[in-house]
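To start, I am sharing the structure in question, which I have written as structure tokens.
Order of writing sets the labels: A, B, C and D. Residues in every chain begin at 1.
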Amino acid sequence: MLERIPSVIDVLVPQASTYAGDIDGLFTIILVSVGIWFFASEIVFFWLIFRFRKKDGVRAQYVSGEKQSEKKWVTYPHLAILLFDVLIVVAAVRVWYDIKQDLPPAERTVRVIGQQWAWTFVHPGPDGEIDTADDIAKVNELHVEVDRLHHYKLESKDVLHNFSVPVFRLKQDAIPGRVITGWFTPTKTGEWDVQCAEICGVGHGLMGARIHIETAEQHAAWMAQESPLQLAANAAQKQEEE
Amino acid sequence: MSDATAESVAEEHVHHPNYTRIYVILLVLLVISVLGPMLEIRIITLLTAFGIAVVKAYLVVKNFMHIDIAKRYIAYLGATSLVFMLLFFAGAAPDVMKPDGSNWEKPLWQQTGVDITANPEHAAHGEDGHGDEHGEDHAEDGSH
Amino acid sequence: MSARPIATTRSAAGMPTGRLAVWWLIASEIVIFGGLLASYIMFRLAHDMWSEQAAHTSTAIGAFNTFVLLTSSYFAVLGHKAAEEGDGPKAARYLWYTFAGGATFLAVKSYEWTTEILHGYTIASNTFWSFYYTAAGLHALHVLAGIIIIAIIAVAARRNEELHRVELIGIYWHFVDVVWIFLFPLLYIAK
Amino acid sequence: MAQTIPADVPVHDEAHHEESFWSHYVFSTDHKMIAMQYMFTGIFMGLIGGFFAYAFRMQLAFPGVEVPLFGVVSPNEYNALITNHGAIMIFWVAMPVLIAALGNYLIPLMIGADDMVFPRLNRLSYQIFLVSAIVLLASFFVPGGGFAGAWTFYPPLSSTAEYSLTPLGSSLFVVAIALEFAAFLMGGINFIVTAMNSRAPGMKLYDIPMVVWMIVVASVLFMLSVGPLIAGAVMLLFDQNLGTAFFNPERGGDPILWQHLFWFFGHPEVYVVLLPALGVVAEIITVFARKKLFAYRTVLYTVFGTGVLSFTVWAHHQFVAGIDPRMAHVFTVTTLLISVPLAEAMFVYIATLYGGSISLTTPMLWALGFIATFLIGGVTGIFLGASGEDIYLHDTYFVLAHFHYTFFPIAIIGFYAAITFWFPKMFGRMMDERLGKIHFWGTIIPFNFIFIPLFVLGLAGQHRRIYDFTNYPDLAAYQPIRVFATISLLVMFSFQLVFFYNFFKSMFRGPKAPKNPWQANTLEWTTESPPPHGNWKELPTVHRGPYEYSVEGRESDYWPQNEPA
């Protein structure tokens, strides 16, 4: 629903996951709701400064603001703000529920491991399961297939890290001693930044990775090329040649 | 100003409770709170240990610290700080107290309860036995 | 004594300044101990196996120390009563009894800790022991601060000076007592 | 004497003695001198914090360049710079200047008392604060350098030397912060008790000037929220140095616990520094609009409401930090709820201008500038409090720009408003209005030019605390925006020279200030400028509220609180 609202973030960062549109739509909703109040307040504010600037012979009025007829000028707006807040809460909670709390069944699972100062991504091999012999572990390189619902299992080996993929609008801290599960479904092929968004020591600034969103064919080809079985075979072949 | 000071001085000359009686009650409660847990029944342990702690604290605060004579807002102040601590507990406990939650788990949970390696005396004391409900923990400890 | 400002002698809130300040101090102490104990309780409820560790604390020593603190509190309140009656030397005497209680508490505590550390239960052994030493240690620091102040006040009270301070240190001392009343079951009894 | 002084209380007589330099400036127990000590220490720390900002902004705009006066910024130095910039600006600038300096200076003067209730405790509070500042500064020079794990010092990075690589720096950082808390606890108790007990005869609760209320409520918030973090700081110190494992998950601890302990304090802390600034603004706009504060009681209730609510919102800093997702719903609701009292406070201030006679003096410009810019900080907070949106915006430059739009108005604009307003009282001389206005425009315009671009960078997905964005292919293209923000910062800094010139020139050469240069009502304007030791020869009595301006049927448009009817 929210993704149909025009987005301002989209101009800067493409949307590459199913829920990116929701977050961008939510941004627009909040922008409009608070924007109205912000501009209204600033306009009234500057108008009052101009209108009631000091003039010779004009005295200020004595307004206590304690009378109901006067107080309504701040009471009504603040009730209206409460109303806008409710709207924002409802929208925000829905988006949050979909992204963080609800966990649709996975088609693929990747393990994401943060450590000082690199990301290790454990991809399932051709068998589609992680924690098996044909897992493909890559450093700072995440390969996912477009339009597949991925679960990530996020871990940290040492300090706090944060797995952030701006094109997905996704962010989650990695906590040592915890495994946090989340999900995403890529919708657009391409290659973008993955950042660490929680300070993790000297190398925090260098702890970037790249996400490669590939079509099914590209992904299969990559998997075939990188699978441990294939790599072992290549190595054996190389040895033979020597 | 002087009248306010006089007033506060007057306030101090209030009826003093019988301190000795309170003290004896406190000692009796102390004995109960020590004896209660010896029955090794969990509910009685909790009641005698913590229930009596609350009663003792109440007696001290009321009769020794004279909170009932002090201005009312002092009691509210103390209550407020306690309520905020409850709030803190309520906000933090879902993360800290639980082995797992919505979409997260702590895989190290089971093995980290007792860090035996840093505890040389454990072998000697571990076999004492402390009630059956801890049987599992012993098994857990044995694996280290 | 330096000059006391007129501000200190006013009591627009209906309470002598010193007593008001002690209560605010106690409120701030409640949240310090509260934060620590809330953290402890979270861990404690989470880890059933800690009772295994808690079993190595000495309930007898803990109970004796509770007795000592309750008794010292009793003397403190008797001192307060004496001070209100204007009997400085009597108040001072009771304060010294309180002082003796606090000192006994610390002596017993030192013996207890020495024994435990010699048995290998150090602050780093396990998170139960970390909380045990941190909470009891923070409390012991308050006892230490308390008896130092008690000594200072007792010396003045003997000369019938600053008698209102007997009440103030008393309130603080009772608070230290109350904290121990909760620490005792939390650290010693619950097993 | 209007005061009947109990016989056993010695009267101030040492004020008439010649005081030595040491007892007058260093070991003084006079609240005004302690306020000055806090203020100048705060300004000094502010210069250091500002210098840090200069160094790391230069690095961001021109990566790898040799920054003049600093040198090449290494990654670890960069992290240390941002960490200590944050910590200094909040704990060693905003807190001492807004709470301690203003509280010390204004509370006794505004409630008609001769000093704080515990002058020696007050002095001790400053001395501990000074030690904490020295410990922090010392931490930059120990082996390994200053702590570099962000001002929130999350463990395990802060608790484990092999991760942070700053073994001594991290411990000293924690010690400095703990000492600072101890100092402000003492100061806070002093403020609260003074305001509760030592009000001038006749001053009822609703006659207390708003800034005093605000400082007192802020002190209460500080006192009730800092406890868990003091306990946490002790636990962290033990983790660092004694081998405990409170926050170490491998041995049964939990790093999330720290985040709760920290933010349970950290969020009320925002209001701790905000409220005094709001109070300053209330004093100034009423004086220069010649208006009664609109709905005094409503303001007070919004302040109490904000204070209570501020204890219930802390985990919105941790939405994506690994807390249970279900908890986020609760904290979203409370966070958005807190916008209501604050919006109301803003509305009240704007409503106060209605029907006024507004003269745009320098302090008034700062106060109005506060409202205009703080509104931006306020509304951008809504984005971050909404859990769903925070997934994307958390820890981006959007957050950074947001809280600079709150903290800059609070700490910097609030300070300038207060200092230009009370300068005549503090130093007995007037500041230069023309220089003041140049300084105002030279600060407020570049300030917006620094941070509005950073909102855009945040929306583009740029994260905080990264020392060189050109390493990120998707972010490298935004370099011109970073350069623009840095140049704006340089412009803003250079205009601060105008302030310091004005400040020191006026302090020694400015025209003598009368007792009440702004024709204000509150009690501090009824004594000499600067007030003598003991503040008044005869302590005042209060007859009315602090904001009786332009009362109908009176010839003069102000009505001092102490003037009998």
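By definition in this document, a contact is a pair of C-beta atoms (placed from the backbone, for glycine too) under 8 Å apart; a residue touches a chain by one contact, two chains touch by 3 or more.
In this text the structure is predicted, and so the values were computed from the model without any measurement.
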| item | value |
| --- | --- |
| Fewest touching-chain hops separating chain A from chain C | 2 |
| Top-ranked pair of chains - ranking by C-beta pairs in contact | A-D |
| Distance between chain centroids, defined by C-alpha means - chain B, chain C (Å) | 15 |
| Geometric centre distance via CA averages, chain D-chain A, whole Å | 32 |
| Chain C-chain D separation of Cα centroids, rounded to whole Å | 34 |
| Whole-Å separation of chain centres (CA-atom averages), chain A against chain B | 42 |
| Touching two or more other chains - residues of chain D | 3, 6, 224-225, 227-228, 245, 249-252, 254, 256-257, 261, 264, 322, 325-326 |
| Multi-partner residues of chain C (each touching 2 or more other chains) | 6, 9-13, 15, 24, 27-28, 30-31, 34-35, 38-39, 42-43, 47, 124, 126-127 |
| Residues of chain B engaged with two or more neighbouring chains | 1, 5, 80-81, 84-85, 88, 92, 96, 98, 102-104, 106, 108, 112-115 |
| Touch relationships between chains, expressed as pairs | A-B, A-D, B-C, B-D, C-D |
| Sites on chain D touched by chain A in the complex | 75-76, 78-79, 148-150, 154, 156-157, 160, 163-165, 249-250, 254-256, 289-298, 319-322, 325-326, 328-329, 332-333, 336-337, 339-340, 343-344, 346-348, 350-360, 368, 371-372, 375-376, 379, 382-383, 386-389, 391-392, 394-396, 456, 459-461, 463-468, 471-475, 549-552, 557 |
| Touch list for chain B against partner chain C, complex | 1, 4-5, 7-8, 11-13, 16, 19-20, 22-23, 26-27, 30, 33-34, 37, 45-46, 48-50, 52-53, 56-57, 60-61, 63-66, 70-71, 74, 77-78, 80-82, 84-85, 88-89, 92-93, 96-99, 113-115, 118-122, 125-126, 128, 130, 134, 137-138, 140-141 |
| In the complex, chain C residues that touch chain D | 1-13, 15, 17, 20-21, 24-25, 27-36, 38-39, 42-43, 47, 123-124, 126-127, 130-131, 134, 138 |
| Residue ranges of chain D touching chain C (in the complex, touch as defined) | 3, 5-6, 9-14, 29, 108, 113-120, 185, 188-190, 192-194, 196-199, 203, 223-232, 234-235, 238, 242-246, 251-254, 257, 261, 264, 534, 539 |
| Touching residues on chain C, where the partner in the complex is chain B | 6, 9-16, 19, 23-24, 26-28, 30-31, 34-35, 38-39, 41-43, 45-53, 55-56, 59, 63, 66-67, 70-71, 73-74, 76-78, 81, 84, 119-122, 124-127, 167, 170-171, 174-175, 177-178, 181-182, 184-185, 189-191 |
